[in-house]
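Every chain is named by a letter (A, B, C, D and E) in the order it is written, and numbering of its residues begins at 1.
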Amino acid sequence: MTTDIGQWLGHLIGQVEGVQHRGRHARRQRLDVAPDALPALLELLQGKGSFVHLSAISCVDWPEDGQFELVYHVWSYELKTLVSAHIRIPREPGRYLSVYDIYKPAAFFERDIHEMYGVFFEGSPSMEKFILTEWDGPPPMRKEFDSENWVNDHFDWQDYHPDWLNDIESRGGGIAIRPDEQRFSRKAKHES
Amino acid sequence: MNALVLPVVLPLLTAFLLQPAGRLSAALARWAGPAVLLVCAGLLVQIALLTGGEPVTAAIGGFAPPVGIVFYADALALLMAIAVPVSALLLWPRAEAGEAGVRQSALMLLLVGSGTGMALSGDLFNLYVFYELLTVASFGLASATGTGRAYVATVRYVLVSGFGSLIALAGIALLYAQTGSLNLAQLADLAPERLANPLGLAAFACLLIGFGVKAELFPVNNWVPDLYACAGKPISALLAGVVSKLAVLVLLRLTVLVFDSPEAREMLMVLGLAGLVTGELAAWRARDLPRLLAYSSIGQLGLLFVALSLPGPAGLAAALAVALHHLLVKPALFMLAERWHGSLDKLAGAGRASPLAAGLFTLFALSLVGVPPLPGFWAKLLVLLELARGAGPFDLTALALVLAVTVVEAHYLFRLVGILYSPGEFRDRHSPRALAVAGLGGAVLVAAMLTLPAVSDALAGLASQAADTAAYRTLTLGGGL
Amino acid sequence: MTPLDTLYLASAATLAAMLVLGDWRRAGVLATLMYGVQLALLFTMQRTGSTSFDLSALGFELSWRFDALSWFFAVVTLGTAFFASWYGAGEWLRAYTGRRRLFQSALAANVFAMLLLLGSGDLLTLFVGWEATSWAGFLLMALAGGLARDAALRYLVYAMAGAMALLGALVVLFQAGGSFSYEAARATLAAMAPGPLWALIILFGLGFGAKLALLPLHLWQAAAYSETPAPGSVFLGGVVGRMGLFALALVLVGLIGIPHLQALAVPFTFLTAQDVVAWVAALTVVLPTYTALKQNDARYLLAWHGIGQGGYMLLGLIVGSALGSAGGLLHVINYAATQATLLMVVFGVRHRVGHTDLNRLGGLVARMPLSFLALLLGIISLAGLPPMSGFVSKWMVYSSLIQDGRPFLFLAAIVGTLGTILSVYKLIHNLFLGQLRAEHEQLNEAPLSMLIPMLATATLAFVTGVAPGLVLGWVADAQAAIGLPVIDYTLGGIASPRASLDMLWVVGVMFAGFGVGALLFYGAGGKTHRVHQLDNYAGGHFLDAGMRYHYSDNFYAGLMHLIGGWYRGSFHWLEGAIGSGLSLVAQGAGGWYRAINPAFYLLAASVALIAWVAL
Amino acid sequence: MNVASLLVELVLMPLVAFVVGLAMVLMMRRIAARLQRRVGPPFFQPLFDIVKLYGKHTQTSHGLVHDLGIVMAVGGYIAAETMLPVPGMTGIADKGGLVVLAYVMMVPSLGLALGVGQCANPNGSIGISRALTAMLAYDVPFIIVIFGVAFHFGSSNLITIAAAQQAAGIAGWGVSQMPLLALAGLFALHGMLGKQPFEIYVAPAEIATGPMVEMSGKHMGGLFVMQCFQLYTAAVLYVTLFLGGGENWLSFLAKSFAVLAVPVSLAYLFPRYRTEDLVRLMWKWPTMIGLLGLAFLMH
Amino acid sequence: MTSLSDIPVIQTPPEAPARGGNPLANVFDDFIRYCRSRSLFMLHYCTGCGAIELPPAMTSRFDMERIGIQPMVTPRQADILLVTGYVSVKTLKRIILTYEQMASPKYVIGICSCTVNGGMYWQSYATAKKLNDYLPVDLYIAGCMPRPEAVIEGLKALRDNIEAGTSDNWKDYYQRYDHYLGNQQRLFGADWQTPTEVIAEAKHYGLFGPDTLGEHTRRLEDHRKPLEPLRMTLNAGRLEHME
């Protein structure tokens, strides 16, 4: 079952050069594409290959290689198969062209990625803030953003009230294991 | 009482002399006509004062009445006779230069002469002759404006008049065959036994259609809208005002003296109602002022015929009231129409441009509709009272129709008043004479309203005198003066 | 010079003064004073009196005399005229752009015409007065031009149709009775056979119903009364419609008499003439009120209510019992004061804001508090709730309906009142409550010259509500004048065993209750802190001035889901059908005159004639 | 009846009404709890709520009309109580009859409507427009009931109505004379109380409790007091019209609580009607039953 | 990175207000306080995941109405604001608006550990870590969604505090408004404002503390348009048109 879809897909993709095809199993096929060949591939998949549904665009941050990896997941209802097209774009300008004219849902995925990673998609309908309307800091999902450090600058921590514990225990409540003996709080263990 | 003949003869004489006089001096030609009219009016007034309202007869040429031509002038006839020259004077068409002017004056004189003759004459054939003379004169006057539409309207008018005269002549022939005489008094004596049969009724029908043409009776009045719209406004005023009343006077004489049968009255009522309803409804849809006034005049004359069909002196009084009211109001309205020609919507703002004219129009509209203090209301009230007295099926439907039609009339008249007073810039053709005539008409109307008791008594007297046929017969047959 | 002569003279003098001095800056004040003089004259003269002069024309004589009924309606007319012209004398006149002389004289002409109508001694004078009132009303309505002119023209058609029906009835009555006097008419009507009597009732009903705007003939009133300039609309809304009621009372109750109406049965049905008139009145109460509910302009809403309340008066009158007819007549005064107050407030808002579109107003209570107070008193009286006078007269009508055992009429009246309550709340909410718009932030209260008459009529309505006995005296005399059973009343209201009402106690207890409520609220509770209209619950949303956080459009959406479909506008359809039918016939008539070749129909005409003769 | 005892009655009747009203609110909440298999509020809970609301430190108001609206709501019902004859006290019931009482009961809802109007909150305005539509709905059967009772007993004076029923014993009661009208009256009573199936105008989720959206502190306290009066007035009016009015306090209270228990227990079994369904229901079944009752009554 | 150990430890338990004066005056105050404790209206506002525990607390098994607590829909009618679950920055804005719209005395209960110290979202940039920086909190109910028993227990504890008069923290919001406003501006930026006039309200009820006003409130004053309540005036303040 996996082979004939893979072969059929291989013939199909043959028409676009620069595409490596690694079919994992019947329902998941992975394609690695050059960035400039992606739109042609998507049109091919949508037109001929009955991959009508763009289920998501996800973005992976590779700070070491200085690249963003954009994955376009397209699904076909007839073939019951998901094709993930992976492309790599350089981190610095962080710009890529929008596939909005091929798949309409791309607008929201691109807007979300722009907000979270700072990748700018030319031609996308809107690039404003999507979820983090109150946030004016750097794109938070980038690896170089240190959330904990930002938290320490903007929030202060709760005062430690051990007496609450005594108060609760005095009334018979309270918890069985004291905080420092709790197994999974690694942070407390390696500090003390 | 030979002076009675002069008002008829003088205008005819001057009409023919005018042509040569015109060569002598233009001024003479222009002023001869009005001068003669003044003289005739003076004479008639003098006669009226002399007789003091008592009927008087004049046998032309000394021949005894059944053979010769006799003039019978009771108060009503005299009133109509005076009205002809006076209104002709007031509505004298604007003086044209040279030949056309002379011809127009001549025709006017001809019209006045034959009109006076019709009012006074007591002999049916004589009436027919004067009626034909009148018709011919109106042909010439109506087409005086020279526009293409005027000619078309006049041709139609000629056709219908011709048809009417033919029918009238047939009626007179029938009548002569039955009774052997054409003198109204003698006819009145012979009518009960000779004319009671259907043949008599047929004669009446023919006469009705014949003389009905000029009186805008229903079947033969479709020439009216085009003619009044295209002819000169003074001429239309004259035709609609005086001339139609003369034709109605003749029919009045016939119904009172000769054909006093219920079938005749019923015929009059039906045709009158038809005229009333079609006239007013057509006026409701009319698009320009002269045509609207023409339809309205058909409607009013329809009402007049309905009034005419009412028996007894009270019915006659109602008819006379409506007739006189129409005689007063219609010419004035037509003169106003001279200032405001063109379609109704273009009249917006006329109220601001000439407030007096608009005020007069509103006054006349109120009187036509029959708003209480004005004479129009009392005339309509009399008609309605008589209709109610009859209480037959015909009378009640007539009552309902007259009332319903008044509502339609109120709507289109006051729609126009509303347009007059709506904002808009408007320049009307400035003609002081038209305003003067309309103002005179308004003044007479208000005067009649203020002196209502006196006017109503005079009217009642007039009606009773016209209604007693016995006096008519004895006076004319008894022995001429 | 009898007192009535002086009254007519004063009224004519007012008209003359307005014709001459109409454009004068102080003309409004002069007119108000003169109406005041007329009112004083009216109060000084006793109820009955006749004029010394009478006109005679064509053998009929026109005579004028006052009886208690006409005196009662004259008081309402002159009172409304006084307040209306006072309202239009101050700043309103300064801001009036139309022709002042024409307006002032139109108003004076209306008052004079109505006094003539009210004083008519016989049927012909009644008709003359009726026509004078119609035409004066037409002049007043057509003043404002444009939309007002079309509405006035539509009114004219209805009024003329009514007048002609009336003229037909008078003429038939004259022939049957021999003279126009009331006594002769009463005799002939008593002895008349059912057939012609039905015809007369229908004709009189059409005639007077056109002005009272009974159901089939009510389409003209809303637009005509709303588009008239402010004082004119106040006067028209307040009292002109009641002339129809006066005439109906005079003819149906005075001349024909309620027992005769009850005896006159509709063939093949168990209904009597009284039922028919009662049901026309009941439907006139319900349908216009629910049309008012859908109006989006305050003036039109109130005008539609004018029609509805007219139905109440006729319903009360035609029920014929002492309580019911007293309620109907009392409602004339109550409603005149109420409608005058409401219209003055609405035109006050229009004077300040420029329009009265209910969907573009709101929150004006902060800027026009006194107008709000007047409107509040007005709507309580219009809805017929206790402290105000509207309640007393409606209560009387309800109690008489209960005592007479007419459940469906009672139900119709109450459903009408509920509809009124719904639409008056929509009026006060959309005008004065809710969010104040940014552009109305700097609005001023209505000018003083408009405020004082507004509050005066509101207080009048309140006083006659608390102590109805003051005006019930007049009502009792009016009942006696047209032969109705007279009501026995106390200062507080009615004290009969079957249904008693003592407004002094009821209102006293209500205000005591309000006092205790205020004590509880201000005493027991803590200090209140006033907050801005944007400090409001909006589901956690931050409100700002730019956002329109206000509900006024399609106010009773829930109710409209159900009864929205029932508004078919069948009367508009009926009117349209008659209009188009008439124009079709007119088309035919016009065609007759446009036929080019006369030969054809001449032949037809002569053949027809000959055939006719041969028959 | 000298003026002094009348004044005492005018003070006493509202107080009694308030206390009995509190008990009725408690009964209502207890029945609701029991139906939902819950324990239900403690005994004095309604009193605690009212005292807490009046005891609030900050009271926010949107203007004078907002305050006067609440005053009018509470004051209106205080006035209505004095017109309801109770055993031993008749107040001013003979000065104004049944129709006057029906109208005096409308004054509080108008006062509340005005107060809510000035809160300038569209939720409140929508709530009021639905409340007035609901009033239009349940008033039709209510009016038929009023007509039937007033016509049957020949007078709209509540004292004579109660006396006539007491004179003829159980057989003379309104419910035995006019059973159908009593049923229609129950429907109207249920609509008037504004409880569950007919409470579209205080829908919590949809329009944030409609009229009460901006009521805090003593405004809300005023509405709670009004609720007590409302329950009491409706129950007592029904008892006076159909269950023979009050011979002695014990049977009177028993009858009032019994009458109130019926709609209240029905309330928590039904979801909420939409506005137009509410009007359609009220104009269909209770009105038909009422008219049928009238037909029997009249012939 | 501040470690757990160097967070300041506060030991002082809040003490009850002094009970002096004649007994009669206290009776009325005690009764009012008793009624306040016995009748609490809980605001039906689910700010986070913890709110799922409230329905069981209200319905037949645990029945909050036993202790006089009713759910109310709008902040105006409510006394208790239950802040349940993580407090994201966007939700915090709405919570502050709702808190200010409530009529005091009002109480805030922080349910779930996220309100206490940020809970499992402690390192998230989007959630507030310490609720009582922004609002005076009367009671915390810890637990990553405490069970209904814990919620009921917390409410009973609140009821006892109210009865004892030890939970007047709502005055703290007025008396130290500058502190709270500072924290809020630190998170939401300088131009943060709510439609409620807290300072005017404090002035009106005489709840002015020493540091109600401070530099944060000054920053608030200069950039916000004061929302003056619409007083009923005859001429929008100008009398010359009053003719």
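Just so we're on the same page, a contact is a pair of C-beta atoms (placed from the backbone, for glycine too) under 8 Å apart; a residue touches a chain by one contact, two chains touch by 3 or more.
Composition by chain, UniProt nomenclature: A = NADH-quinone oxidoreductase subunit C; B = NADH-quinone oxidoreductase subunit J; D = NADH-quinone oxidoreductase subunit H; E = NADH-quinone oxidoreductase subunit NuoB.
These figures come from a predicted structure and were not determined experimentally.
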item	value
Reaching chain B from chain A through chains that touch each other, fewest steps	3
Top chain pair, ranked by number of contacting C-beta pairs	C-D
Central chain (distance from its CA mean to the mean of all protein CA atoms)	C
Taking each chain's C-alpha mean as its centre, the one farthest from chain B	A
Gap in Å, rounded to a whole number, between the CA centres of chain E and chain D	37
Centre-of-Cα separation between chain E and chain C, whole angstrom	58
Separation of chain B from chain E, taking each centre as the mean of its C-alpha atoms, in whole Å	99
Distance from the mean Cα position of chain C to that of chain B, given in whole angstrom	46
Overlap residues in chain D, where contacts from two or more other chains coincide	55-60, 63, 208, 213-214, 217
Residues of chain C whose C-beta touches two or more other chains	363, 365-366, 436, 527, 529-531, 533, 535-537
Every chain pair in contact, whichever chains are involved	A-E, B-C, C-D, C-E, D-E
Chain A-touching residues of chain E, taken from the complex the two chains share	1-5, 7-11, 13, 89-90, 93, 116-118, 122-126, 128-130, 133, 140, 153, 186-189
Residues of chain C touching chain D in the complex	363, 365-366, 372, 376, 380, 383-386, 391, 395, 398-399, 402, 405, 407, 410-411, 414-415, 418-419, 421-422, 425-426, 428-429, 432-436, 492, 497-502, 505-506, 509-510, 512-518, 520-522, 524-531, 533, 535-539, 549-552, 555-559, 561-563
Chain E - residues contacting chain C, complex	45, 74-76, 93-94, 97-98, 101, 194-197, 200-201, 204-205, 227-236, 238, 241-243
Footprint of chain E on chain A - complex, ascending	132-137, 140, 147-152, 154-164, 167, 173, 187-188, 191
Residues on chain E engaged by chain D in the complex (per definition of touch)	31-32, 34-36, 38-39, 44, 59-60, 63, 65-66, 68, 70, 72-74, 76-77, 79, 102-105, 201, 205, 229-230, 232
